[in-house]
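Look for chain A in each of the two complexes below; its partner is chain B in the first and chain C in the second.
After this line comes the complex of A and B, so read on.
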């Protein structure tokens, strides 16, 4: 009975979201890790130029679902994905789709800052170089500068672009990873708990950045912090035990949740 | 008392000390062991360490010093007349030792021994019966020296037994007396163990110094007999039994470098690529099968590789490459030894590099895949740079193996010292020549033999230089993961 309520609620809120143009649509997505059923029949529409937050207790499958959106789960041998996920109407699990090309369009920022052991410049230039996005050094310089500016890191590193990226502070490293992701000019940016390894000041900087990125990208962020979801996102999806329990506008989810499980989680009774 | 029996006694004293220490600590606590500063086990351990370790160190030192001191005293009895022509005092002293051991074996009582001591011919016959073969007849002085040697050694052995047991008991008593409820046995054993660890690590360091010192001393002897200028700059290697040899290092150094280069040119790319396949592409099941198979290569003795070079690779290269191309007609060649050595080195490079590549954090791979990089782009641009210091280390390890390899070179490349560019010519390396010069028939004090030490010294400096370069490269390109 509850399950059914959840579905109905979801359809209603999905209608709200469909008002904006849909960038990614997932239908009936199931994910298995060996014998474990990690994601159960999830339907979600991710709107363009919006920040969508995935919240839920640990192990609820929100990161797993996020990794389905750019086929990062392909690198895990025992992982199997069923259902249909489309990007701009095109099935990303279609045989003809090259996951490498897909990941250039759907960028990803990870939980722990993972700059490559290279210079700051080379970190940002990595994507443009492997995808041949620039014709000459001047253009590449331009892309690197733009990306670092948009990641709010340019002023701090412009004098030491050749210094190693691993020598930056944790918050700077995470912004470097964001700059690296946006240098490839993706259409969607997936962020897997991007602030969990950062202090409050760096978190504030990254959150501010996420809000600015909304102007150009569709951003999907997984977070453990409900305050963060409330601060940065327009839409929020609540996952619980592999199910998508409730999905709707952030304000509505946090003020008038329709599912009792959502309410319990937000008020701190489960989690 | 024999050494092994003495060892057992010391161990027994130490074990008793452990138990006594425990019971004394328990008694000191008045029945409540919580009142003790340290657990009773630590009290036992401190007694054990203080009774065993000083006694064992004393025993070790005694065993090393005793023969030296005794020989010093006995050597005075040997006159110049006792030393046969062409022999040396050291040889006579070794005869003395063997006669003394032989007399021990005969198991005579004091009277028989005195009678035998007065009659060298009879002594020689008895010793020959007991299976002690001596080169010439025994001279009276030598026999007297041997008897003295026995007497002193017996006395010294008894003294050692007494001293070692006394040291063990003294350690036991002293450490036992110190046990009170407040005695910090835990800290004391901790400190003791620390000293033991430091001493152990010093053994390796001191051994290195010892090796270098012995190389330097003998090299200096060599350079007194043979001009250093000729050794370092002559391009000819032509040792003669009768003296007047040309002992230039260049043909050997060149052979060493050439063979190692061929080996590394094969081993590094193949090893590295197989490491990349194993760590980045292979499925778990594939890896579980292939990795042990490659590592089997590392377990094959080099002499077997040598056979492979001699009977298979050498003739194959001669028949299919050297002769058709008109480059040579022998099956011993730099190419043969280099290729076989390269095969031997593949598991070193691949196994070490595989471990190093696996140590690169998964987050870096994810980051690269997340930007739309392919596997090979990720390997080339992220994994290899991150693993570079370790890979350089692996290659350098392989290089020092290649430089030090002897058996494969003897059987694959021959023993002719030549300076040549043709890889199908027979050449030889420093290590091969060290073996052949030291095991030759020439006198030990001749430059033809002593040159082995100078060669060894050069080899040592050469590999040291390689290591220094490696350290520099690693430090310069070190890139931290975190």
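After this line comes the complex of A and C, so read on.
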């Protein structure tokens, strides 16, 4: 493994995080889009039952890295991933791993709310249905209700579960997508800028929700908003030009960044 | 800003112009826009006028074929002529040809003329018998053979009038033209006038045109579209059943699963090229492969359907791929994100959303196939077919005609009555196309969802 100056610093602070139980560990991850080297030698340990934020300027590779964690990059033909990413010690890029099973454990919420053009109920029930998580209609109803409750959407939609999911407001749609993602009881929830299409009120609701989800899941959130990272996360990773520049506890990153680039970014000089 | 800077700015600024006065540049731009709009309107007007003229001429020429002139006769089925043996054995009665029946029908007509007191000077027997279509004797014969007990009775029949007489009622034949026509005499027209007065000669809706088989050159009045409609329907069934699943499967594979490499690029280019291949080439292909090599029967809807399937496939594949491409990738991501396999993502989410586009493409392809003539000529669909094809699936292998080929056939014939028939067939074809388009629109509405 290559040793760089910045990496040593990074690894020290990561050691604190690693003290908590590590859910996902990435070592020497490289991502190529055709000839473009999008992610360069990234090492990260993501702790269980915490919120980890990825911040950085546009095009720095944070979303790309996030999509590596549940192999969503597999769908892009020209994308190539190197290195080792483990979930509970198992290599997720192992030849024997079926991405379908992985994605049932590592759920994802996308930047733009993307509910299926089906009813609210069917949106949430889709995951449990295809994975055969429930044995009968009553259990499925139960899972749907629980997921919607945990996504703080139940009270708003309980009377119109058969209404189309696309008919909800933007914030509701995003919470529906979160409900859909947690309905399969994943262990890790990846969120790719989940609030970028939402107004401040909906954002606050989703952030509150993220904080609650921390009790059960390991949440990884990509965000453009440093305030949001500061509000919701316990750990923060700063990406710049495909490098993981700094990774540590959120309070430390925002108050005493060790890398000059991190400091420039959080003080608004680059990005 | 200092005072000096202000004055400097005032000196260099252009003089203020009123908003109510148009400068030359704006006027030119407005004029150009007005010209462009005019061209657009003219283009639309030309298009609408062309469509209107086309429809008007087809309707004007073809509407007549849906109404036909009939004679109402009481025919006495003489046992001496029809069943000399008196056994009522169909085998024996089969020996009496339409000539025998023709005599009976002629006698019935003469009888009717005499009874109604119609007297036309110089009217010959031939004139009288030529009033009736040659089809009439066959009609009576079929009826008697179906029910031999009718022999000896007098039955009321509705028989077709001769094509020229029908033309006279529709204004195609006049006294003047009859003078010069060896097929019809003014005496016959006078007789026709008298018979109309007595209610013996009546125009009514012509079911035979829609359900009947084609007829020979000499009896345009009996020519119908039944076999052509059946043949076209069978072919469309074959095309739909084959091209929809094959086309959709091919598109889904190419769009969602196939790796993007030189080979798939080559396939893509070739599908686009295939859509531009002249249809007659497909006809030659069908003749060589399906008839000469595979040994399928000529003139059969199955062969026509296979050829048209080959022709329709590129259209369906291109439309389906466009529809699949139009589904937002976020839907695929959403499905994959909750752990659906690629096939589940496609079948549960992408395909339903692409359905309106796929169905529209399919129906456009089918409509093209329905109107296609050239390849069918090469595989023998142009043959003269009098027997109805059986019900599917056997019927797919029986000889049949096709609507556009029937139109082509009738326009080749000499008798002017066939012009009316051909236009009538075009109307039927257009109705089929309109129904298919209406179905396409309905299905679109039914499947269309917003996302």
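Here is the rule we use: the second predicted complex is superposed on the first by the 266 of 271 C-alpha atoms of A that agree within 3 Å, B and C clash if a C-alpha of one lies under 4 Å from a C-alpha of the other, contacts with A are read in each partner's own complex, and residues count from 1 in each chain.
Convention: a contact is a pair of C-beta atoms (placed from the backbone, for glycine too) under 8 Å apart; a residue touches a chain by one contact, two chains touch by 3 or more.
Since this is a predicted model, take the numbers as computed values, not measurements.
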item	value
Clash or fit, chain B versus chain C on superposed chain A	clash
Which superposed partner A:114 touches (first chain B, second chain C, both, neither)	both
First, second, both or neither for A:70, with chain B first and chain C second	both
Touched partner set for A:160, first chain B, second chain C, both or neither	neither
Touched partner set for A:80, first chain B, second chain C, both or neither	neither
Which of chain B and chain C A:100 touches, first, second, both or neither	both
Stretch of chain C, among 20-28, 92-100 or 110-118, that runs into chain B once the two complexes are superposed	20-28
Chain A residues contacted in one complex by chain B, in the other by chain C	70, 72, 75, 77, 100-104, 107-110, 112, 114-117, 126-127, 130-131, 164, 166, 177, 180-181, 184
Contacting residues of chain A [partner chain C, same complex]	70, 72, 75, 77, 100-104, 107-110, 112, 114-117, 126-127, 130-131, 164, 166, 177, 180-181, 183-184
Parts of chain C lying in touch with chain A, wherever the complex brings them together	259-260, 328, 330-341, 344, 348-349, 352-353, 449-451
Chain A-touching residues of chain B, taken from the complex the two chains share	283-284, 361, 363-374, 377, 381-382, 385-386, 479-482
Contacting residues of chain A [partner chain B, same complex]	70, 72, 75, 77, 100-105, 107-110, 112, 114-118, 126-127, 130-131, 164, 166, 177, 180-181, 184
